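Next come two complexes built around subunit A: one with subunit B, the other with subunit C.
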Partner chain A sequence: MVAASFHSPPPPTHRPPPFEMGFLHLFIVNKSGGLILHRPLGPTAPKISTNEWLRIGSTFHSLHAIAAEATPVKLPGNKNSAGADDGIEQIEGRGIILKCLQTRTGIKFVLTAEPGTPGIDAVLREIYVLYSDCALKDPFYELEMPIRCELFTNAVDSLIDQVVNGGVMMR
Partner chain B sequence: MAMSRSSTNILDRPLGRSGGRAEGSVVSLSAFAYIYSELVQYHQQRAASISELERRLESAGYGVGLKVLEMTAYRAKEVSGRPWTIILLLDAHCSFVPPFSLIRHRRRDPPSRQTKRETRLMSILHFVSSSVWKSLFGKAADSLERSIDHADEYMIIDYEPIASTFVSIPPDLGQLSADAYVSGIVAGVLDGAGFTARVTAHSVKVEEGEYTRQGGNIIPGIPPRKDKAVFLVKFSPEVLTRDAALER
Partner chain C sequence: RVTPLSRIQHRGGAGGTYLAQQRQLNYPHFFFSTVSHLPQKTPGSTRLELQLVVTPRQFSLAVKMTVHAIHIFDRKGKTLFTKRYTTTKQQLMQDAEQVSEQRKLIFGMLFSLRELVGSLTPEGESPALHSVKTGAGTLHCYETISGLRIALYTNNNPVMNTLPGGARAAGGEINSKTSFQTALKHIYSEIWVECVVRSPLYRPEDIQVDPPEGRVKFPGRFDIKCTNFELKLDEYLKSMPWFL
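Right after this comes the complex of A and B.
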């Protein structure tokens, strides 16, 4: 935050939250580091081109792998408690929070949001459910390939809509 | 002797969401979706075009339709609960058999199941859209309509076709209907019953306010469907001629 008050500061009775809370982006990386889906989730999401996203996806994939190697504490078999490969679970910055859910098959669901956004973990798990429903049961989806299932993207949009407007998780 | 309905045989249980009979009479939609997905992929690899893929799915369903007709027609009588069954049940459960000649006479009859064989066009269509649909999907079809332009065309409409619950048709496959398998089943049932027909499945956009599902979505979290499945049944001319002759 920028310290900008040179004048006498008014007594802060009620300060608005420092950041607008909201989801920014969802991206999904397959087990070899290829980006299989990216989707802006809110109006505040920065505009990033698909090529950039491909780069971010594979960079994140590498960092995730390095993080698991670099950690001084090795979990048994380098697996976390959920049975997935160990690695980055969360990155926090001033204006961004990034959370990663890696599944046992090596798919990484990564969600970025503004700090303070509630329910990121729950949304990630829900997106995992939607992926296994809408993409994996679709005869026209090929594993490890980009997700082009209309049903999946619609479901993700309506999930985010529900969480933002309703404030409650349905399940 | 009595054909009691307490059977737990797996063949007697319907495939669908709400068999409503006994615990475990419902097949998991996920299991079905996975196997259907594999079926579609198998045929997609071997088909050169969209229409060939649809034809392959239809022929995969055709044999199912013939068997479903046998099974549903056989079971239909149990549901209807005719007095015939009651007499047999009394006979089986009571040590005392009333000395009525009528019952004695009936007892000597072979245990026929008194299944009604549908001979008319409208009755067989009704049978397909209610009995067959219920035994396959646990619900009746949403509507049965007759084409205005063509007397030989009928439409069975399902707003939530189970086969394509999780299917997103990619844009390059355009007009493909993922319910072609079900249209094959319908064709099998009709053909087996002596009503030769060409059945095709079509995916049609649902108009605003045309249909709203009661009681939330089928799958929590997945938005309601935007398309319905229309099964277009086109009977062959001899079927119509026969039905017209029966009319007289």
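Right after this comes the complex of A and C.
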């Protein structure tokens, strides 16, 4: 007779996520199209020189608006549900997902990540909250200028760290 | 203020709770909630815990997508084929000049976006643009090695893919995306190549694009209308579960 012993299920452990999960870059474009922040968020992010970042920022700014112009059916008033100007919200390519959040003031927060990364929208909104908490409330920060607030960049780093490493529990 | 795809409620107070529900119908069985019940370490940072809940798919929604338009461009940017499936009042008022300007805009946008995505993609992946989503609609794109681009405009209604059983977790997400890629690939390989390229009248340098008003037929030019490409394309698109 085989004595089968059933143990109670082991407590949930932090297993590494089963899919490729990695944030690549964060960049923020001001309302005139100039880049005010760019930051790599993970080890797999490609290295991009500062000049190329500036080019990417302004290219994205124009394409964001052009995409809204080029669609056959436009939203009323060209404003999306959040009250901001319509434009690119998401781009998918092979091996990359790019999400953009445009605020009513015209600032675009753009996050790139590997496909399969969950919660990109939530992280993007959280970064917007961090921006308004750390950068906008900094008395020395000038609007539309490059962000040089250590508090903001540290907060972004720790947010990404929590999301990637500490926070995912599988049930 | 509720946005269609994500809803974040902040129940205030110190160490408040963020509830971020991402109800994308592409993978409805993902549920993310962030809970910060642990003491906060540094000001300006929230402790996030993401819970991944996988529930069995018990329902299927029959939300229809709408296909707005399809464009096919060659590698130089010339429009080879274009068709509108929904016309709005503003489009009827556009004349041929504006329409062709808009198409050039689309081609330029696809070209630049591909460069942009290429510079942002990590190493080890050959860059390709699959789709571009705006608030008004989504543009799905498929590019062949010869430079032919097929662009399909749809609206944003998420589609429940009709794949049986095993589309779970990350698989469901990937399948719903690649179903557009496979559809566009099918349009290229089974319909374009079969009807147009293999037509005995086909001349790649001399394709007659949609002529403006007052059809001027240049003798000797290859006209796509003389093949049954459009017929087959319409048949195929209408047979898709997500067509209008």
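We adopt the following convention: the second predicted complex is superposed on the first by the 148 of 171 C-alpha atoms of A that agree within 3 Å, B and C clash if a C-alpha of one lies under 4 Å from a C-alpha of the other, contacts with A are read in each partner's own complex, and residues count from 1 in each chain.
Everything below uses one rule, namely that contacts are C-beta pairs under 8 Å (C-beta built on N, C-alpha and C of every residue); 3 or more make two chains touch, one makes a residue touch a chain.
All values derive from a computational prediction rather than experimental measurement.
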One more residue to check, A:C134. First (subunit B), second (subunit C), both or neither? both
Of the partners subunit B and subunit C, which touch A:G93 in the superposed model: first, second, both, neither? second
Chain touching more of subunit A, residue-wise (subunit B, subunit C): C
In the overlay, answer first, second, both or neither for which of subunit B and subunit C A:A67 touches. second
Which superposed partner A:H25 touches (first subunit B, second subunit C, both, neither): second
Report for A:E126: first if it touches subunit B alone, second if subunit C alone, otherwise both or neither. both
Per the contact definition in the header, classify A:N80: touching subunit B only (first), subunit C only (second), both, or neither. second
Now for A:A155: first (subunit B), second (subunit C), both, or neither, which partner does it touch? both
Check the residue A:P146 against both partner chains and state whether it touches subunit B (first), subunit C (second), both, or neither. neither
Subunit B and subunit C footprints on subunit A, overlapping residues: 126, 130, 133-134, 151-152, 154-155, 158-159, 170-171
Quick check on the complex: what are the subunit A residues that touch subunit C? 18-19, 24-25, 44-46, 48, 52, 56, 59-60, 63, 66-75, 80-82, 86-96, 98, 112, 114-116, 118-119, 121-122, 125-126, 130, 133-134, 151-152, 154-155, 158-159, 162-163, 166-171
Would you tell me which residues of subunit B are touching subunit A in their complex? 30, 33-34, 36-41, 44, 165-170, 173, 178, 219-223
Complex contact set, residues of subunit A against subunit B: 126, 129-130, 133-134, 137-141, 148-152, 154-155, 158-159, 170-171
Touching residues on subunit C, where the partner in the complex is subunit A: 1, 3-6, 8, 18, 20, 22, 30, 32, 34, 42, 44-54, 68-69, 84, 86, 88, 90-91, 102, 105-106, 108-109, 112-113, 115-117, 119-137, 139, 153, 155, 169-170, 173-174, 177
